[in-house]
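These are the structures in question, set out in turn.
Both complexes shown next keep chain A, but they swap its partner, so chain B is in the first and chain C is in the second.
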Partner chain A sequence: MKADVAVVGSGLAALVATRSLQKAGRNPVLIWPGLSSLYFVYATVDVLGYSDATSLQPVEHPGTGVAALIADHPDHPYARAGLDALGAGIALLMEWLEEAGFRWRGSLDRNLLLPTAIGTPKPSCLYPESMAAGDLGRDEPIVLCGFEGYEDFVPELAASNLSRSWGAGDQSVRAIRVSLPGFDSGKMFTSIDIARNLENDAFRREVAQQIRGKATRDGDHVRVGLPAVLGLTHDTDVYDRFQSELGHPIFEIPTLPPSVLGLRLFDRLRKHLQETGVEIIWAAPAHAAELSGGRCRRIHLKSAGREQPVEARAYILALEDAVDGAMRAGVRTIRDPFFHQTLAQSGVPTDRTDESLFKAQPFARVGYAVTDRLQPVGDDGRPLASNAFVAGGAIAGYDPAGTKSRGGLAIATGYRAAQEAMAA
Partner chain B sequence: MITEEIETFSDTVEEEAPVEACTKCTACNTVCPVARSTEIFRGPKSLGPESERYRSHQETAVTAGLDLCSGCKLCEVTCPSQVTIQEYIRRAQSKGADEKGRTLRDWVLGHTRLLSTFGSLTAPLANLGNRNPLVRLLMEKVVGIHRNRPLPRYQWLTFERWMKRHPRPAQARRTVAYFYGCWVDFNERRLGEQVVAVLERNGIEVMIPKQQCCGIPAVVNANMKLARKYGAENVRRLNELPAGVDIIASSTSCGLMLKHDYAHLLEIEDAEKVGTRVYDICEYLWMLHEAGELDVDFQPVPMRLLYHAPCHLKSHGIGYPAMRLLRLIPGVQLEEVDEGCCGISGTFGMKVEKYDLSMKIGSRLFEAVKAAGRDSVLADCETCRMQVEHGTGARSAHPIDIVARAYGHR
Partner chain C sequence: MPDTTTGVVVIGGGSTGAGVLRDLSLRGIDAVLVEKGDLASGTTGRSHGLLHSGGRYCVNDLAAAIECVEEGRVLRRIAKTTIEDTGGYFVSVSEEDLAWEPRFVEGCGKAGITCERISVEEARRREPALSKHVRTVFWIPEDGHLDPFYLVMGNVESARRRGAQVRTYTEVTGFTRDGNRLTGVLTRDTMTGEETSIGCKAVINATGAWAGFVARLLEVEVKVVPVKGVMVVLSHRVAHATINRCHKPGDGDIIVPALSVAILGTTSARVPHPEVLPIEWDEVRHMIEEGALMADGVSTARAMRAYAGVRPLYDLGAEAEGREMSRNFAVIDHEERDGIAGFASIVGGKVTTYRLMAERVTDLVAHRLGVTTSCTTAEGPLNDRDDDLDQLRHRPAQLGVPKPHGDELSLQALVCECELVRPQDVAPWFADPAVRTLEDIRRRTRTGMGPCQAAICSYRLAGRLVTDRHQDGPTATRAMADLLETRWRGVRPVFWGSQLRQAQVTAGLHLELFNLDRQLMFQSQPPSHALLPPPLPREGRGGGEEAHAPEVASKR
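== the complex of A and B ==
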């Protein structure tokens, strides 16, 4: 098929690129290989949490932090995308979220420290309203509430970690547990099951009543942190009602995959794109790029029965990382699916990883080397195609997890790639 | 030492995802329409790749709850690692039936072509019976088909026989073979007539190769052997078509069987050669349009329409060609109703113990359709149309119905 701009991917970078093109009056088609990292890791948008992967001191002002990073590392993807692209991309996303019915808050001016599921403080600058009351810059005591039988959030562990890092002074953290009506301890269930049930008024009221009984002894001004299970959709009804039924401010804490917060974002933004006329090609992993005369002429999708060529004026390759097939790893090499370039080579697979889970992982930095216009380059440093652009986690040379910058980079590079694609 | 051991592994990346490619991310469970609607279903992850690791040729394949998988394939559409989740479930279910025996209903629903041939021959009587509460009660008790599920109307004049009388166009610039499937043949001849009219309007002659049921009813009713038999018959006949003749299907699921499942799920020899030639009718027309060969001299069709994308269409990996096509027609107001699976999944929603579940799965779609209040709901898949009509009372049609109208075909 023919398209104006083909965007490959389904993560935040792909969505921001697609939305940018749509808002500029262009006609993008979105090609999905399957669900992306958005579904698994995103809860907040982190622009820059730590200046490097080993730093323990969170960045306070992400806007200034990125500017400093760009000055120090001209090869960093943030430097290539540019600070303007980050600002414009964030403005576009926040406006889009509002139009799509979300309530999100934050800006590039300040990182909030929000508690994680294991009770560590994590710097984030854009976050859903349902997480805002978790701000560790505030003093109100925190009650962390878990659910019997739900193993992905252990309130005692989170409370004990949190009281070490945060509640050492006058602040207090306490853990409670309540049981979910109808959820027997022998049964396996996930955050999705709880979220679906909390949409039911009677179920939710019963849970709220239990929590109220256990939380109020900490005083009136206590806030309650819960795993992120307050409804499956972007509709904030469940959050609002639960908060008023409970009589305390509440905040959600992101959990292990499947992340309800990521799912809400993903489901709604995808649907909103479709409602506003963007075509999505499902279940078609991109397979190969056809190059001639320095341009990408076609990409081939693995559709049912045969390869489906997509012919566009420009291509944005916004696969996030290994999760959604941006890279394919053999025993010794990691290759990309479009140009079949060798992105990394190692004698043994263990060279790609560090034994310590808490150190920077070499594989996180593997990806496409790109030009200042985000074009992927070959071994000779020249662009593989003048009309192909890379966005998101598949760009080489940075560690999005270690620096807490995955979201910001996806937005900046997604936005920039869209601008370049329009000019190509 | 490690290096030496590793030397023995190949460095190639597998093209087909093996079961180990499952990273247990649970994406499939969250999109599964059955898992979303009932807590008794353990979900595709558990019944597919997780159980698959414990299955072998020697061991009994039966895992409880396999029959609750409706076969919509949304898990496979969603899987970021391209694991063939639903195929594992189908194979295990069929193997279980091989070992434990099949029910009368498995047999009946797997043999829809046989049933339809009979239904068509006795059309007035069969249709009367299918609407008779007493007959339906009996059918529910004996076969297990829910009494409230409207069954398709049979027509006495089949599409195949209609086509024999249909005059061939005097001139044609190319010929296509039409895999019309059981539905068009026995239940909705009109759709077949429209497909032929639309293609002929574009200078394309339509021939109909001899064909068998595509086999999908057998696949989902635990009978891979029967499906393979049907499939092999179709593959043999379709491979006899002259080179350069493309194959068109107007049923989403028949098309998917021909394109993909024959070669992959059923592992039928030479099926890939068929798969590369098969096109969904709207996909084909859009291709003509991009080549500048589609007659776009459409009459206005002033209708407010909704489009429901069938789950199996997503599996085709071709986007929504029907929507692109319909937007070429003046007067058409078209919106997508994006509320996921309709719930019927072929014969799944006909079963007595699954009817309620099927209606619950479709409830989000039904509400959205009722709220939108459009002239008609378009869907490429026949059972989706049945379900939408049953669940909402709205009218439903294949997108080709609108294209045919725009060409002035009645």
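== the complex of A and C ==
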């Protein structure tokens, strides 16, 4: 098939790149490799939570933080994408989210500290409205509510940790549990099952009534934190109704997989693209790019048992890290799926990791070396193809885990790659 | 006065110590087992889980082979629930292997090992995984898989039902004596530092590779040579039966299908200390290449982790090294040899022969104590309540130990999806004082042993530390992090293929979704440095005070 610009990826970088092209009046095709484990690790969109991987002090103003990072590290992918791309990409995303029926909040002016499922404050830049009442900059007491038989959010663990880092003065945090009508704790159920059931009015009211009974002793101002299971497809409705039924502000906290927040975000944005006329090639992993004359001529997809070539004027390679197949790791080398290039910074197996899982991992920094225009380069430092651009975590040289910056980087590079692809 | 008294103190919580404890309890002798780590956390739990028919030793070490034959048959009677009777193949893939064959056949004959030569075609029909390199095949029906964790837990639970006690994370720091007679042991809790004394009439040193360190506390020598062996865990069973290379034992020449995985073993290298067990990625790679000569699927299977164990080879004074040394065992009567009454050591040997080792040393100690009851450990099953036992994979909870795999798996709640562990399988262990870490839960239930290496279940287990054990959040979080870090150590030497994706999901969950790295940094701060939210930009929280942010990385 032929296309104007082909975008390959399953995450935020691919989605933002595709949307940018669509909004600019171009005709992108999104090549979606399939449901990826990226969905597990997304909840909020983090732009820059900490200035480096070892700092304990959260970044207050992510916009200023990224500007400082760019000034200090001119080779950082944020520097390559540029602060303007981050700002424009976020504006584009927030407008899009609204159009697609989401209610998201936040800006580059401020990181909110939101509690996680282990009760640790985490700086987040953009977040669904359903998480906003968890803002730890506010003083209202918190009740964390779990469900009997649901082990993927343990309010007692979260409350115990949170009470140690947050809980001065009037602030207080406590754990409660309620039961889910009809859910037998001996049977397997996941966040998705609960989310679907909470879309049922009778079920939700019964849960709300139980919570109200247990949370009132904490006073009128108490807010209630719940696992992020408040509706799968009708989440804003569920949120509004649940909150009024409960009579207290409520907020969601991301859980163990499956992450309902990630599913809502990616599924609905992808669906919205399709509804607004973007062609999507479903569940087709890309496995080779064809180069000639300094340009990428086609990429080959594995699609429904046969190979399908896609020919486009420009290509955006927006697979994000190993999570969604951006690299193929052999014993001695790590290669990319398009050009079969040995990626920058890949070493022998034990050199790919740190002794501790909780420190910066060398393998996370593996990726394409890119030009200032985000073109992947070969060993000679020259672009492999003048019309191919990389977005997201597949760019070499950064590890989003320690700085909490995966989302922002995906947006900035996705937006910038789209601009470059249009010019190519 | 000692804090408590008993008949015999058993030092060491591996298969030998657990076997000794059961043997003593069956003879009606009061006993306490002390172990400096967890049960099955040393050599036993780090074995490759091959229930030896004896085929591997029948050429070079006939005595050990004969013991394996006899004990393998005993274990099939008494510990059926810990055994998967897979049978095994011995395969030749090279000229040298073919030259070894006559000696192998002769050795099997001498040791009494059932051994049947089958055609390669027939072997492939039964075991399609056999590689194209395979030239000849022997079928050895008595090779199998022995689950070392369940073996130890089964012995210990059997002894506990008869009143024996177990103290984990309890290190022996010294002995009390009355002249030449031992009267007790001094112990220290390795976690709390609490010191206690246990009065007793005799002490059995069943510490395997650590036996020399215990003996040294009494200024006597027990020469044990620690020899490291590395194992690789493949994410699926690869073959139906165990596969051995038919040659002089070497690296990477055993494949053991074990529950949901296959274990590829092993190497042999003398190490300076039983706890210094480095694993190099290229030795792992070499083993995979060697294993791939025997079975297809070894090189393409996902290597999930690597681990190393240490063989406790007893130095009989010969010149032999490593694999050349006998896998036989020895009972040391320190009263006779060193003039220390009430002290015996059991050294050498292997998991397959643990019961016989326990019997021999218990015979000696019982005799010295004047107990005439004879050994009955070969008679009844570990679980005395049920004669109709099934094999490992399908067993119900016959050991009085919660089982790892449910009967009806459909739609049951699971704590660990990889290994199909249910809440009711883990819950009782949170009430057992011998269980001190989440790794201990793993050893008893297999939670966290699957492809995700505890990425998911670690959170649920940490939750249970708070809800079931009433620990505080930071303690539970530290325990969760410790479990993940221990698993991570085994992942690092096999970091290729799907392992990167898995690691990124694990890191994404714990670092990005949970912010666990900051939680650990925060916990390691003095309490005054609270992780307060930063001052708000406009509304303000009073401004003035800046939250303090010392740059301390989480230390482990």
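Observations on the model:
Criterion: the second predicted complex is superposed on the first by the 410 of 424 C-alpha atoms of A that agree within 3 Å, B and C clash if a C-alpha of one lies under 4 Å from a C-alpha of the other, contacts with A are read in each partner's own complex, and residues count from 1 in each chain.
Keep in mind that, in the parts below, a residue touches a chain if its C-beta (ideal position, glycine included) is under 8 Å from a C-beta of that chain, and two chains touch if they have at least 3 such contacts.
Bear in mind the structure is a predicted one, so any value in this text is a computation, not a measurement.
Legend: residue contacts after superposition of the two complexes on their common chain; A:Pro257 is shown touching both chain B and chain C. Once the two complexes are laid over each other on the shared chain, residue contacts for A:Gln419 go to neither chain B nor chain C.
By the touch criterion stated above, A:Lys2 is placed in contact with chain B alone, chain C being left untouched.
Annotation for chain A, partner touching more residues between chain B and chain C: C. Look at A:Gly186: by the touch rule set out above, it reaches chain C but stays clear of chain B.
When the two structures are aligned on the shared chain, A:Ala364 is found in touch with chain C, with no touch to chain B. Of the two partner chains, chain B is the only one touched by A:Glu279; chain C is not. Within the superposed three-chain model, A:Ser20 lies out of touch with both chain B and chain C [touch as defined at top]. Shared-chain residue A:Ser165: touches chain C; no touch with chain B.
In the superposition on chain A, A:Gln308 makes contact with chain B only, while chain C stays out of contact range.
According to the touch criterion, the shared surface of chain A, contacted by chain B in one complex and chain C in the other, consists of residues 40, 257, 323, 325, 329-331, 348-350.
Per the touch definition, chain B reaches chain A in the complex via residues 2-3, 6, 9-13, 23, 25-27, 29-31, 36, 39, 76-82, 256, 258-260, 275-276, 278, 286-287, 290, 314-321, 323-324, 335-336, 338. Residues 280-282, 285, 411-415, 423, 456, 459-460, 462-467, 472-474, 476-477, 480-481, 484-485, 488-489, 491-497, 499-501, 503-522, 525, 527, 530-537, 539, 541, 547, 549-554, 556 of chain C are the ones touching chain A in the complex.
Contact residues of chain A toward chain B in the complex are 1-2, 29, 33-36, 39-40, 190, 192-193, 196, 257-258, 263, 271, 274-275, 279-285, 301-306, 308, 323-325, 328-333, 335, 347-350. Of all residues in chain A, only 37, 40-41, 43, 46, 49-50, 53-58, 60-61, 109-111, 113, 116-122, 136-137, 149, 151-152, 154, 156-166, 168, 185-189, 254, 256-257, 259, 321-323, 325, 327, 329-331, 334, 348-350, 352-353, 355-359, 361, 363-364, 400-402, 404, 406 touch chain C in the complex they form.
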